[in-house]
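Heads up, the next two complexes both have subunit A, just with different partners, subunit B and then subunit C.
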Partner chain A sequence: MECVFGMVGNGFAVVVADTSAVNSILVHKSNEDKIMILDSHKLMGTSGEHGDRVQFTEYVQKNVALYLFRNGIPLTTAATANFTRNELATALRKNPYSVNILLAGYDKETGPSLYYIDYIATFHKIEKGAFGYGSYFSLSMMDRHYHSGMSLEEAVDLVDKCILEIRTRLVVAPPNFVIKIVDKDGAREYAWRESIKDTGVSSA
Partner chain B sequence: MDELNSSQVVGEAINLKKRDFRFSSSVIFLLGGEYRRLTPENLVWFSIIDYRSVDLGFRLNIALENKGFLSLKLRMSRRYDSRTTIFSPEGRLYQVEYAIEAIGNAGTAIGILSKDGVVLVGEKRVTSKLLQTSKTTEKMYKIDDHVACAVAGIMSDANILINTARVQAQRYTYAYQEPMPVEQLVQSLCDTKQGYTQFGGLRPFGVSFLFAGWDKNFGFQLYMSDPSGNYAGWKAAAIGANNQAAQSMLKQDYKEEITREEAVQLALKVLSKTMDSTSLTSEKLELAEVFHSPSGKVKYEVCSPESLSKLLVKYGVTQPVTEAS
Partner chain C sequence: MSIFEYNGSALVAMVGKNCFAIASDRRLGVQLQTIATDFQRISKIHEKLYIGLAGLATDAQTLYQRLVFRHKLYQLREERDMKPETFANLVSAILYEKRFGPYFCQPVIAGLGDNDEPFICTMDSIGAKELAKDFVVGGTASESLYGACESMYKPDMEAEELFETISQALLASVDRDCLSGWGGHVFVVTPTEVIERTLKGRMD
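Let's turn to the complex of A and B:
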């Protein structure tokens, strides 16, 4: 029931992920951050097996950092995406990672970009995309309302429409979502959309 | 000349021991020849009759001038030059230095960085009308679409390293779908070369390279690397025979905002001065350039012999061919 979706706007890219950590019928927590910030201008929204997800995303993050330390120049978003795909593809026929990734980044020369990389190393450069059961609803909403070159307000408005649709129509909809954006000023958390806050124990 | 007693001669031999015996192979060459050694204390003239390699050193049989004959078993710093993976007491790696020596006998190669390209010029040592020059180059090789190199040294060693560099470049492109940045390629190849100076017990590669390339991070670049695995970026550099002379000439005449045409002219001029031959023809040279084509793509082009001949005449580096009457 994990939902990850994202789109490219005017000079920025936005990625949204639900924040529930679930094990069969048990909800571990509702504030799990599944969008990893790779470096100053890249982020990676992920869904899939928790262990694989953390292992693989940290592996990519550390390799991106190592490249910067070794060579003094950062990897481009395209290079990072291709590297990620290559790692998934290499592991695929031996011990595959069950991780789906939406990689968003901003490069000075080429602007914002979004890449769809799924668990069997499918690789697409896209303007809008989504994973999970929520994709049935968010992709339809984005097909209806998305246009290229949207402003940040328009994009966040569309994100909220998608979240509303997921909450209304998905049977076990995740309650909370996190929104992160990347633009020329860097990759950062934009907002949370919470319908259930993790409350403490109520006092007697 | 004073009578020499054996302690004086032994003292001399100890002095010999302190000297750098890295030309031990040339000592064999001097068999029957003379070896003169001047010291403040005494003047010793002796001839080397025999030289035999023994455990941990060598036996030197010498004839002292009019004084008889001496057989010395000497333990020399030569013991530190037979294995690559150990330092000498002076802190040197002899095998690496010998490798660099070997390159000093190879044909010169010069590289010059200009603002719109990199120029590589090489002196060919193998010249023959029978050589298929259209198919193979002796000095210049393309590593990837955006990087090329000039070599000086042992050709067979160079082939191995060029192949390694090509594989490394493709491996990078396979992972990142982008051309490998030039410095990273040079660094990666130099890491390979360094391995042969530290472990495995194999000798170092007897090749120096001049890498010329372009990438979007730093534009046109020129790098020089040697058998030790050291590399540096240069504006103009020379490797091979007479490289110091060539380097000092380049230092004098290189200007910061040099154009590619001027760089070609400078390279040909410097090479003609350092080459032994009196007349330069296009058969004895190779010229290659890395530059942007009008469409913006990086191009590596080896100059054809005909255009090279014309250039040589144009820059006054060779005599024009006299018309057959």
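Let's turn to the complex of A and C:
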């Protein structure tokens, strides 16, 4: 069951997603990266239908790049989030995307921000949020331990607490997670939390 | 569960002496889960016209964007703000356009019309207007709100007393509805000023 969660800290935002690609009872792979880096200072963690997820996130990524090419300046996180919501809303009554999105970004003027965008295009700016069955555990952990202005160490500690809770209490808990952060220095992968390593194909 | 009850909402508007008040709850939920406790349901159209949108949050956001667009065009053409009665007709027409694939919203409109005469109305999701002289309600807590308003309302209240009445009616009603609550947001609008207040009620 797909888990995505994230929070805003002191000058950064962190997004965590599980990394399993599942089809019914079969796990295709356990190192699927579900957090797309949209541009230098934006991340989009997504959960949902695999095809829609990849198609839609790539569509947003390319449109963000196009804006930069055309206008010479990058889109703000708020503008990107609103664009994403409007694309989902337009598609909703025609050909809906089943993708839940947590969009994190860092803007020089406004600092870090996190946006919750539902698969039916419900849009809200949040400090902490989560999707999926894992949200029942990660949201409660964050409600208990989160406070605004957390340092990176505190935030990653809370992320680890959430991951531990998901692993302990969710019946089909995903084994591996990826953590990505975005701050003034840009959007990047922070760490993986693996409990099952995907071994390569052994040579004959 | 009905699509109107997916996100949860509570809205109420009341008429006072040369003033009106419009209030909403602050919960944004996804069925049983609470996503945010600071969701804005009431938006300003112009200084003396406010609209609250209950029901499905994504449609409320889409509808609000369309209405702001239409009002801005009106302002450009007519070089003045829309009267509340006119705006109510506009909302009704826009909703009926989608008669066989409606926006799942219930608007509550409140404004000061000619001679600062207060105007309130509500409508269903396909634009059937209901004008009232005293109060209008909307959202998942509407039944409780009808009862609370009927017992607490009296005509020709001044701004302060109106604020007290609408706040008590809102808080009492959302406490009986699990899908709405987490505080309240009240706007009291008089010909000279707009007072915006946040209420702290039972946070559950």
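As a convention for this text, the second predicted complex is superposed on the first by the 199 of 204 C-alpha atoms of A that agree within 3 Å, B and C clash if a C-alpha of one lies under 4 Å from a C-alpha of the other, contacts with A are read in each partner's own complex, and residues count from 1 in each chain.
What we mean here is this: a residue touches a chain if its C-beta (ideal position, glycine included) is under 8 Å from a C-beta of that chain, and two chains touch if they have at least 3 such contacts.
It should be emphasised that the depicted structure is a prediction, and the values quoted were computed from it without experimental measurement.
By the document's definition of touching, of the two partners only subunit B reaches A:Leu75; subunit C does not.
By the touch criterion defined above, A:Ile37 reaches neither subunit B nor subunit C.
Set against each other, subunit B and subunit C touch different numbers of residues in subunit A, with C touching more.
In the superposition on chain A, A:Ala89 contacts subunit C only, with no contact to subunit B. Once the two complexes are laid over each other on the shared chain, residue contacts for A:Val22 go to neither subunit B nor subunit C. In the superposition on chain A, no contact is made by A:Leu170 with either subunit B or subunit C. Contacts of A:Ala65 after superposition on the shared chain: neither subunit B nor subunit C is touched.
Overlap of the subunit B and subunit C contact sets on subunit A: empty, with no shared residue. Contact residues of subunit A toward subunit C in the complex are 85, 89, 92-93, 116, 118, 120-124, 126, 129, 135-136, 139.
Within the complex, the subunit A residues that touch subunit B are 70-71, 73, 75-76, 78-79, 82-83, 86, 109.
Partner subunit A is touched in their complex by these residues of subunit B: 174-178, 181, 183-184, 216-217. The residues of subunit C lying in touch with subunit A in their complex are 7, 28, 30, 33, 35-36, 39, 56-58, 61-62, 101.
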